[in-house]
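Next, two complexes with chain A in common: one pairs it with chain B, the other with chain C.
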Partner chain A sequence: MWKKIRKYIIPLSICLILISTAVAGCAEEEPAPAPAPAPSPAPEPEPEPAPAPEPEPEPEPAGPTKNSIVIGASRPLSGPNAPIGDAAFGPIMQMWQERVNAEGGIYVEEYGKKLPVEYIIYDDATDVGTMVRLTEKLILEDEVDILFSACGTAFISAQAPVANKYGMVLLTAEGGATIMRDALYGLPYVFISLPFSDHYQLPVFAEMAAAKGAKTAYIITIADLHGVEYGGVAAIEFPKYGIEVIANKSVPITYTDFSLLVKDAKAADPDLFCVFAYPPIIMPVTGEMMAIGFNPPAVLMGPGANFGFYGISFGGDPMTINGVTCFAAANEKTSPEFAQLYADLEALVGWPNLDWWGHPYYAPLVQIWQEAIEVTGTLDQDVLRDYIASNQFDTILGNTYFEMFGEFGGGLMVKDTHPGEIGQWQDGTVEIVGGGDWPGVVLTSDWVYPKPDWPTP
Partner chain B sequence: MNITRFTSKGFLIPGLISLVILIALVTLPFYGSLYNVIMVTSILMYIILTVSWVLFSGPTGYMSLATAAFFGIGIYASAIFLPNTGAILPLLVVVVIGGLVSSLVALGVGALTLRLRGIYFAIFTFGLVVLILELGNWWEHTVTHTRGRFVMLVDNDVIFYIMLAIFVLLMLTTYLIRRSKFGLAMRSIGENEEAAAHIGVNVTMVKVITFAISAFFMGAAGVIWATKLTYVDPYVAFNPLFSFMPVLMAIFGGMGQIYGPVIGAVIFAYLQEKLQTEFPYYYMLIFGFVLVAAILYLPDGLIGLIQKLWRLIRRWRKGGAAKQDANT
Partner chain C sequence: MPESIVTIMDVAIGGLLLGGIYALIAMGLSLQYGVARVLNISHGEFIMLGAFSTFTLYTVVGINPLICLAIVGPIAFIIGFLLQRTLFTQLRTSAPNPGAFEASSLLATFGLMYVIQGIALQIWGADYRAYTYLNFGVDLGGAIFSANKLVILGFAIGIGVAFYIFLARTHMGKGIRSAAQDPTTASLMGVNINRVLALCFGFGAAMAGLAGVLYSMRIPLNPAMGLQYTLIAIIIIVLGGLGSIPGAFIGGLILGIIGEIVTYIDPSLSLAAYYFIFMLLLLVRPKGIFGK
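And now, the complex of A and B:
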């Protein structure tokens, strides 16, 4: 009997599962929007009257009908980028949706009413090919109104031409690179928000380190676009300030044992030890440094060291990593608006998911989207693109706008919006210790150089 | 020419079905949505990788995990010759170049390593993927100082038709090889390599040539796939997933018949797409479950199951007919 079950019933069941999945997929022409990263309150049935800047809504809209603004995103719900995605743009998406929907939605004049925000979020499994395919699905099949950014420099580099091809405005979140900036001349629908390597993180850091008397740097980079980008820019910027790069080593993404590499760095006795890699690399490198007592005057790590979860990864006490330098823009002390933002985010997603580099730029992105839709009164991508390209926005960063690349190019958020570039873990939190020489920079503490010793176990 | 061979039931029905499918595919951009065209392109890519893999590994029994290396070489050929700043060579020429370079690498690697057997060959071929990936990383990092490469955009219909053309060529090649003495030699190698050598088969040459032919199609598919990705770096190009997916798809579909890997790739790719989009938080779990169950309980793939069921039905019908005869 069991033989027959094994021979026929189980294989048949598998086939039935396959067929039913396929049939279900075919039958569902308009897939139901997936939930946002976390449950959000249901939109109010009767929207409140529109706030001040909005025109009076028509009682009976004559235009097309629509019940929600559908926003699509291909995000890393699994794979190596998932921790970054969950703690970076993810919390901002979640918070914004909850706020907007609690107010009844965004007023869109062409529909004559407030529309709540709905998300369709797919898992790209941290694979560029999957992300590209899912982005095309969001645009072509799901026909989302707005496209949100993928996560990671390589990912937004691949997503930008695709979004541009279909005329979808893309305000990028996690990631940025010189290669993308160069490509902006041909990407009119793409706007880069996050500061990156020579815009202006590494020049600022090099100047800070040189002022403290640093002479040598040992660099480890992850062997992908982020690592090549930062390793390459450091090799250009550091010598400009008299800092010799004594090693610039690239490690594959799959590398797990850093003991030899950290020992090699310790033997080289550098003034600056830079690790331009993601959490799966910077975490074990930090642990290895603590284990062998490698404590150079400055340790710069990122991305990853700019998140709360990095602080509690070494025994649960963020004091253990005091002195580690990271990329950061703003914190609770930068302004009352930022204090509110971080308080709200902490209440929503917890302290470990705070990001002192990305959140100060992702929060303005959703503000820009909202203002563009409310003022233009449409979801038309060309209209929205032109509005974003030609206007300045009053966001949490202050006056925020994009430098446009050529007559038919995309935009890069100008450096004047950056309140800071470099942060440092001090007394269990990230302080902003380095920024450019433009107005609007708010440093919350002095850079501690040399860094304090690792705590003794 | 033996006309009866081509008009017999055994050739006519599969031939007609193939023709109908081909017509449906060729006309797809006229009746299907743009996203359907994109999805079918993606499925065709997986079919090409799977059938190419089966072309070599199926009959010879050599488990190659080098698919990602050959596919990646094609992707990189595209990144070099079709940059977003303007194509250096025409698209079709690059498709051929990508295929030929992959073939040449396969010839070289095959000549050196196809004396290895079993697990050693599988490990070596996977090592080849990692080696080329790291070599690419080192080259980009220290020699060219390239920070990723953008590939020029190509119209979705053009990508679809070129992928379809590669698929049709591959199916024809597979069909002809399977029916030729060359295919027989490959099968004899799979059955017993020593015996094949004793009866005069030049086993190394047969293996190396087949390896190179299968690599050609993988490389050619890589070229056209890169124009969909639009951004390429070594990790994107030499993604080890492309070494394992064709193996799973082939096992899933069944390797006994020419259409087994095709069916496996189609269902697998479609299932992946549907699960990924309908159940974004659980699809890996469901996918893993289906995969484990399929490998445990469908040792001959879906085709094996269908054949088993067909035999059961025939036996049941025969039994019924015999009973009826006995009653009369």
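And now, the complex of A and C:
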């Protein structure tokens, strides 16, 4: 029997694997115009909104021919970042492509017709080196028209110089850091969208906590760029508001048993317990807090606590985590447009994949791309870069634009576009409870401090 | 109870919990490498499969995770058994020498790792999954532990000891031990070597699956979670002595306890401590604690 199994099953299995791999890896590629060498100086942001695109019903066919806009992305389809990529920018990409193509595509004047959007998406397996190689392949071999963002702060930090080197505009999605902002002076093709630590999450949180009387903070960070960033900024921002950081401990991502750390934090009896780490850490930490009854007045966790899947990870009922504070910008109550966005996303990927921090910033990215292409009528990267750098866009966030860094620098989405910075789980969903003091901030609830007790098991 | 005693209990029980899980994982890999000579890089994927299966059985079907041990263990055993009888037997019989077999089987397990991960991605998606089971505190003389932690500890140690007794006291266990020492002589003495190797691979996969069932009560799951446990298991089997089942068991417990002590001192050094021990052992006692 074994001989027969060996004879038939092994070759059959190998064939099946090869076929499935080949089918999954196949993607049509279209040539695109070569990237132009250098950008023109970045003008200051202008207050006037960009002119609305004027569709031309019967364009004259002229110049080069093209059948689609090819967009390339190196994304974590597997590996540790896959859950984030799957729930964050991924659904926005998918939803936008379906909507645009249902309308016949994006009108590009230089080709005289509407072009559907086609993706080439490679799996970087959550490896920075692989992502960099795939980004270069997308630009040089696949000659994609548009480059979409990789996933994760460390990843976009590595991708930004590559995109910049080849003159490809990069509107980053999942990630952001102070060191990236500082590097923007030399990255004219790079535009950062997602709010991060001191822009303006932790200053807002520190002010909120101080107003409630918080005096001490116990911090756990993941031992990577994200953890260093948030732990460092918290150590600067919290004391400004009279909050003493009594512990700032770093843990490797592979660590799995947090009993001692949580017990140490409980013994320290802090007012604020902050865990600046990813879901593989914040989820077991939350479980351990529930188990040993550690319930400080405020618990701030993220990234990860801003996703629906975090809410249903403790017995399936998001009510169990009421009171947990996270980073969040908007929810379905923020505006009718956001209500529609979250309804569409829920229909597409389900409630567990909703993201109340990232989705409000990733949705405008594709709106910006679409408007830039339609108004400029080209896929030329320099033209697109200059348009994005010098105009304001009417997106789901309202008036949206980038603050440019120096005459030849890149851009950072201005804080005035942020509808909120801090969220809190209340009644089984994330409410927006903290934001800056600028116009346009929409809080959907008050911050509950101290947080309610964990439910009794 | 004095605070220092509570702290020592915290560290000891935390270390034994980690060590118990590590021991199960490492005993499985030790069987596969020590006897079947397959350094199974996909070993961690069986942990992942065990964990995801438990998640589904508990959250969808409502089966108690402890009962899942009786479901997942045998299924993992069958998968491992069939893999050995098909893929690895084919590689072994077609290899010109044992060295070539070890190299080709290593590459095959790399492929197997990606295949299993891909299957898991198709079934469960890339999202994080987690559930809670016995997640409440138990007061042991002033030290509070989550109940699931104590249950995992008890089952991990129990399964490990039971398996050791099986190897030491049963006829089949003697066959496995003899094949581990000298497969050629064992086969001349009447041991069905193909069957023993398949049993070893099956038991190895079952141990990993059981570890996955137990640990799924405490950690979030995703399809890429397996590799880190394979790496830890490799460290442990070197620490305990290649091919030594007691070595893997003791090595797992040692590594778990050392990891917890280092975490108590400085959590950022926990992973570094594992590799430091690994390098130190290679320098001082390359054959491992129980190696011969």
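Operating definition for what follows: the second predicted complex is superposed on the first by the 400 of 457 C-alpha atoms of A that agree within 3 Å, B and C clash if a C-alpha of one lies under 4 Å from a C-alpha of the other, contacts with A are read in each partner's own complex, and residues count from 1 in each chain.
In this text, contacts are C-beta pairs under 8 Å (C-beta built on N, C-alpha and C of every residue); 3 or more make two chains touch, one makes a residue touch a chain.
Here the structure is a predicted model, which is why all the values come from computation and not from measurement.
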Inset, instruction - Report for A:231: first if it touches chain B alone, second if chain C alone, otherwise both or neither. - result: first
Legend entry - Which superposed partner A:77 touches (first chain B, second chain C, both, neither): both
Legend entry - Partner chain(s) touched by A:128 [first = chain B, second = chain C, both, neither]: first
Inset, instruction - May I ask you to decide whether A:65 touches chain B, chain C, both, or neither, giving the answer as first, second, both or neither? - result: neither
Inset, instruction - Based on the superposed arrangement, let me know which partner A:157 touches: chain B (first), chain C (second), both, or neither? - result: first
Inset, instruction - For A:250, decide between first (touching chain B), second (touching chain C), both and neither. - result: both
Inset, instruction - Considering only the touch criterion stated at the top, classify A:261 as touching first (chain B), second (chain C), both, or neither. - result: second
Inset, instruction - Find the residues of chain A that appear in the contact set with chain B and again in the contact set with chain C. - result: 6, 10, 17, 77-78, 223, 250, 252
Inset, instruction - Would you mind writing out the residues of chain B in touch with chain A in their complex? - result: 33-35, 38-39, 42, 84, 133-134, 137-138, 140-142, 145-148, 150, 153, 225, 228-231, 233-236, 239, 241, 267, 270-271, 273-278, 280-281, 283-284, 290, 293-294, 297-298, 302, 305, 308-309, 312
Legend entry - Residue ranges of chain A in contact with chain B within the complex: 6-8, 10-12, 14-15, 17-18, 21-22, 24-25, 28, 31, 34, 77-78, 121-123, 125, 127-130, 132-134, 136-137, 140-141, 154, 157-158, 161-162, 165, 177-179, 183, 186, 221, 223-225, 227-229, 231-232, 250, 252-253
Inset, instruction - Under the touch definition given earlier, write down the residues of chain A that touch chain C in their complex. - result: 2, 5-6, 9-10, 17, 77-80, 82-83, 85-87, 126, 223, 249-252, 254-257, 259-261, 263, 279-280, 283-284, 287-288, 290-293, 304, 309, 313-316, 352-353, 457
Inset, instruction - Would you tell me which residues of chain C are touching chain A in their complex? - result: 10-11, 14, 17-18, 59, 82, 85-87, 89-90, 115, 117-118, 121, 125-132, 135-137, 144-149, 194, 215, 218-220, 222-225, 228, 260, 263-264, 266-268, 270-271
